[in-house]
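Two complexes come next, and they have one chain in common, subunit A, joined by subunit B in the first and subunit C in the second.
The block that comes next holds the complex of A and B.
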């Protein structure tokens, strides 16, 4: 038939590739990034926002990401493919000084402490689920914190900032948390 | 000749499914990665070993393919009322409306209402007629609000998608049932189009969801350039369901649709169409992040076209795909598929498909390997071998290299070979049905194409995807394609009849650019420009008449699209859409500009009213076909009310 040369070349190449075991290149730990993105998605499905948080029943659920562009990109890849409770998800990169209006979830990544305090301060009192991946941010008032435990990514929840946000976090999510810090503490 | 009758012919089944599998050539696998994790429960996520690196990750920007994704929100804000209208959102597609129900849709040239080098899938089911290798757009529909995304690949996708994915693949993907819970009622009203759809979704036990829908659309005849009505109005009713269930690491989908319609046709009673399909899919995530996908469907269509034919096709299709992470730097996808189409044509007088009944089969196996040569350089090589009933085995290889040495920038290059295998039209088309006998030998006007072979494309592409600023991204693709054995319609050796042969060849080259700028959270600008040049020639000695009878191509040299989406307030949206399409050479259609304006008002949560004013710039414009019979389209207003509960 046609293309015997092309075919043979392609087969040979394929064979070469299959038998070649290239070294594993760590690329800024993609798994961690993927799991973080998956957590953010999941969290949003276990949270109830107060009435009026969505302009329409099908308005987009906005996830803001500060201080981690790679994570934002990872999330963008999932956007649209997996609506959360009927809401399509949009991702917004949040930079210092920008308004948090319209956001439903905010991820606070790595940044200097002043910026972090500013950001979490601006989020306080809003119906905005704040998620971080550092103890520093958790101390500064993030609601959910992702922690690395034995090579696994787990999460902790602090209920005090949740209380003033009018958000409701489902019991199922709390049950899966590694630690839940009660309001009183 | 009889060919204009083709313009009103339609039907479906066929091709590859891999589609759903994972979106695009490469983008597909990319998503497989994240999808696997997002399928996990919170508890399961906490058990993933972060550094085991058993999974491959690829960001969308890494995808080495010319993919444009139309999102649900883009469709809603475009105000598109039908599927082909929604396709106008992809800047890498040529979409030309021929009349009330016929569209010429392609990528990379060769446009025609009988366009035959594009593969179209709805939820993994090919909606592509083996009769002419094209799509009967007047028989395809979904509830537009239930679309999750439409992936548009321009260029070849044959290694994953199979023969006929020559110039592009359109992959229409609806949301899972879990994402369409609750009720939706939506109605469109304009002078020419009335449409109503209703959908309801609910839960089936703990881990399964369902939705059911019904839809009815009625479109009036369009207006011809000479002012007479073009008798191409239509009405269609459709209903269907989808069930999605999660169980023990596997996702199951069962879905089906049934439709019935009647389409106006000049001088006869209406064309009657009906069809039904049922599809089941199982996706399983295996240890180590590997994945398995199994899909099967059955599809039935009938088209009763007076003065032409009555066609019944029953199609059975089975697909399997296995994704394997061989090592941290290597991923293999392999699989196969088999499809059978039982085609039954009752021929009329003017032309015939002989034999009237024919069983067609396509069988394929494929493998594609993706390997990271260095952290920044990735090579993908794949091959599909596909057997079809007409030409036997066809080989569809591809090779691509992607380099990501600079953050947020991806440069890629690819080589691929794709073929369009013969359709029934190419091989079995005879006219008239009962030819006069001359010396005991039937003298056909057109006597099939017994020697017609597959059309072949060899394509080289170079692409850049970049996000120079967080809010600004763009994609640029350059391509060069060589075509061989393109279809011509030639006098046979005796000079008594015309037959289909492969006596044309040529090259196309072009550039596709698209960009997106999120000015701020309430203002988004997207746009795209495509330039293309087709140089097609017939071989010496060819007596091709197909151009003259309207089965040749008719393509603009350039077109452009610009959209501005602005949220005026929490409740008000303003959308502006402008497009320019260059002139078509033969038959000549002048270049045109079209401006659409949409105002969306969210009256209260769940209730939305929108007004779409179309074609504001000119009182009327034509998009395809020859005067005076071609349709023209003028200013119109479409109102849409949608209520979710």
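The block that comes next holds the complex of A and C.
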């Protein structure tokens, strides 16, 4: 079980860096990228997919990354270290127009608004946890949106897209969310 | 156990119940407390464990997303658990991530989390638990909670004490009320038993108030009382009987003691009597020895007395029968006279000895009757005077003596003649004998004979009435037997009289006899004239035939010699009874002389046969026998003998008997002839 220890060490380091570093690093610095990758990875462990989402019990959990190849790379470095709920994690880079079938998590990175809407529209109705790191994407219908608050990476959750996706997000995760947007709003 | 020292069943019962209750309470309360404390401990541990688990699970998101505020909020939920005094979350790096403190608690957290554990530290339960989410170690939960087991135990103990006290109190009160159920019957028995013991009234009975073992006890106790009552009754009755018996025994003992005393007195009396008797016996023995000696001397004297006349008889008879000693007729006549005299003396001697023997043996028969003294004296006088005349002794009798005494006539005459003949015999020449007769009392008559003999000394007087004591005459010329006075004394005494003597030497002796006087009326019968004997003169009237039955030839010869001088008598002899009877029947004699001691047929039987035969029944029979005892004589007369002659034969008497009988036969024959011509 070396991997968890290493990961834990990395996370700790990351958290320390996040705490200490200035907001200047926010967008493109590798620590933020690593934390975002770790969050993506951890979100998967607080989410429950409906029946049939996995072909088999040990089928891989696919995380699709669109619009942020650096994050995809970061993720690819992390996956294989440890499974989530018995599923190995695979990373797939998603391009415009590609099918979203087989994906369980989709990160919507920075891209043009049309592509973003197209992508989020394609994800709508699917049992696919959509994560974004921009208010624009969040408004377009992403479920979880990563935000940087006081130099700390926090997240917001919108429950309306979650309800139609038949996903179940753990109450503990919701409790840790900075802001939870109810269905009605 | 102290319970056993308690004296009352009630106390014991209460003690037992209280003890039981206490034990039950202690066990149950102890069990409950132990169970509760264990439960408390487990529940606390489980609770805290669950709490830690829950907290870990809850804060796992906060740890995952590094949200310390969220963790603190999560920890703040511990407020609802006041027993949790402090809580803390450490992150995976062991750094304190979030913490919680109950109000009033001092902040004190270890800087580093410890290994997963749960331990009791003083009054606190300290817990560390790792938070592992999805196989990833996220951090550690630390909880510190109150662990007040001790205070809880103390509380429980206080409650237990209170409950115990209360329960004991209730049990005690209940027992106070309920023990009567058990103890009341036993107390009842106890009370009754105590009363029975003190009052000894076994009729008491214990009441039966229940149906349990106490009731059985009551029944058994009552049955026992009944038994005791019966036994006591039996015992008392037996005691009474015993006491009664004891009383009787005491009385019997007293009686025995009294009798013993009497007996001792009697023994004493008897002893005294015995001593007296012994003394008397000694005297009597001495007397007996004296008598024995007297008897010996009597026998020797008798032998001497009997030999003396025999000497004369045999001596002179030898001279008469001896050829070598020729004697003249005068001499022969003199010798025969000596023989005759000695024979008569011998006869007298024998008669007197026999008399004495009879008197001594007490076989003498007396026929007591009134006897007129006048007549008696006349007879004596006629018999004494011939004796006195040869020695010219004067015999004086009272002129008139009208007294009548109660006596045997014959024996009285014998007594008087003895005294008179003694007075004559032992008198001096030309002496005198005075007979006196005087009435000395209302019914006593004294007859006294006084002589003028030499008299007797006092020592001689003492031996006067012993046989063969011919006092003063031992060598005297007067013949005597020395028996007369002895017989006289006995006869007097037998007739109820007394005899006595007084004498003075040289002056003479007075013998006196006192007899009982009686009514003189009877004398009329006594004075009847003696039957007139037929004329004794034999008349030559033709020969009479005499049959003599006798076995002794000497006697036969004597009679033959006597009859030889009688020309008018013809004698037939027969040697025994048979022959005598035959000859009597054959010859029909006028008179039969019959010896009574005959061989073959006794004289009496022969006489009876003669009497029974009509041919001989009329023939008179004269008994001629040596059976000279008066009783024999009486018996012979009674049988019907004409006469009873005793040997030795007095020839004169014999001749008189023959003559008178023959005369009777003749007169009878004459009258018979006169009637039957």
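Keep in mind that, in the parts below, the second predicted complex is superposed on the first by the 157 of 185 C-alpha atoms of A that agree within 3 Å, B and C clash if a C-alpha of one lies under 4 Å from a C-alpha of the other, contacts with A are read in each partner's own complex, and residues count from 1 in each chain.
Keep in mind that, in the parts below, a contact is a pair of C-beta atoms (placed from the backbone, for glycine too) under 8 Å apart; a residue touches a chain by one contact, two chains touch by 3 or more.
The shown structure was predicted, so the numbers you read here are calculated from the model rather than taken from an experiment.
Greater residue coverage of subunit A by touch, when subunit B is weighed against subunit C, goes to B. In the superposition on chain A, A:46 makes contact with both subunit B and subunit C. With both structures placed on the common chain, the touch criterion links A:152 to subunit B and to subunit C. Touch criterion met: A:173 reaches subunit B and subunit C at once.
Across the two superposed structures, the residue set of subunit A contacted by subunit B and also by subunit C is 7, 39, 42, 46, 82, 85, 152, 154-155, 172-173, 176. Across the complex, subunit B meets subunit A through its residues 30-31, 33-35, 37-38, 40-43, 45-57, 59-61, 69, 71-73, 148-149, 175, 179-182, 326-330, 332, 367, 369, 371-375, 379, 381-383, 392-395, 397, 399, 408, 417, 454, 456, 470-471, 518, 521, 570-571, 602, 605-606, 608, 644-645. Within the complex formed with subunit A, the subunit C residues making contact are 57-58, 60-62, 64-67, 70, 92-93, 133-137.
Against subunit B, in their complex, subunit A makes its touches with residues 1-3, 6-7, 9-11, 13-14, 17-18, 20-27, 29-35, 37-39, 41-42, 46, 54-60, 62, 69-70, 72-74, 76-83, 85-86, 88, 92-93, 95, 101-102, 148, 151-155, 172-173, 176, 178. Those residues of subunit A that touch subunit C in the complex are listed here as 4, 7-8, 12, 15, 39, 42, 45-46, 82, 84-85, 152, 154-155, 170, 172-173, 175-176.
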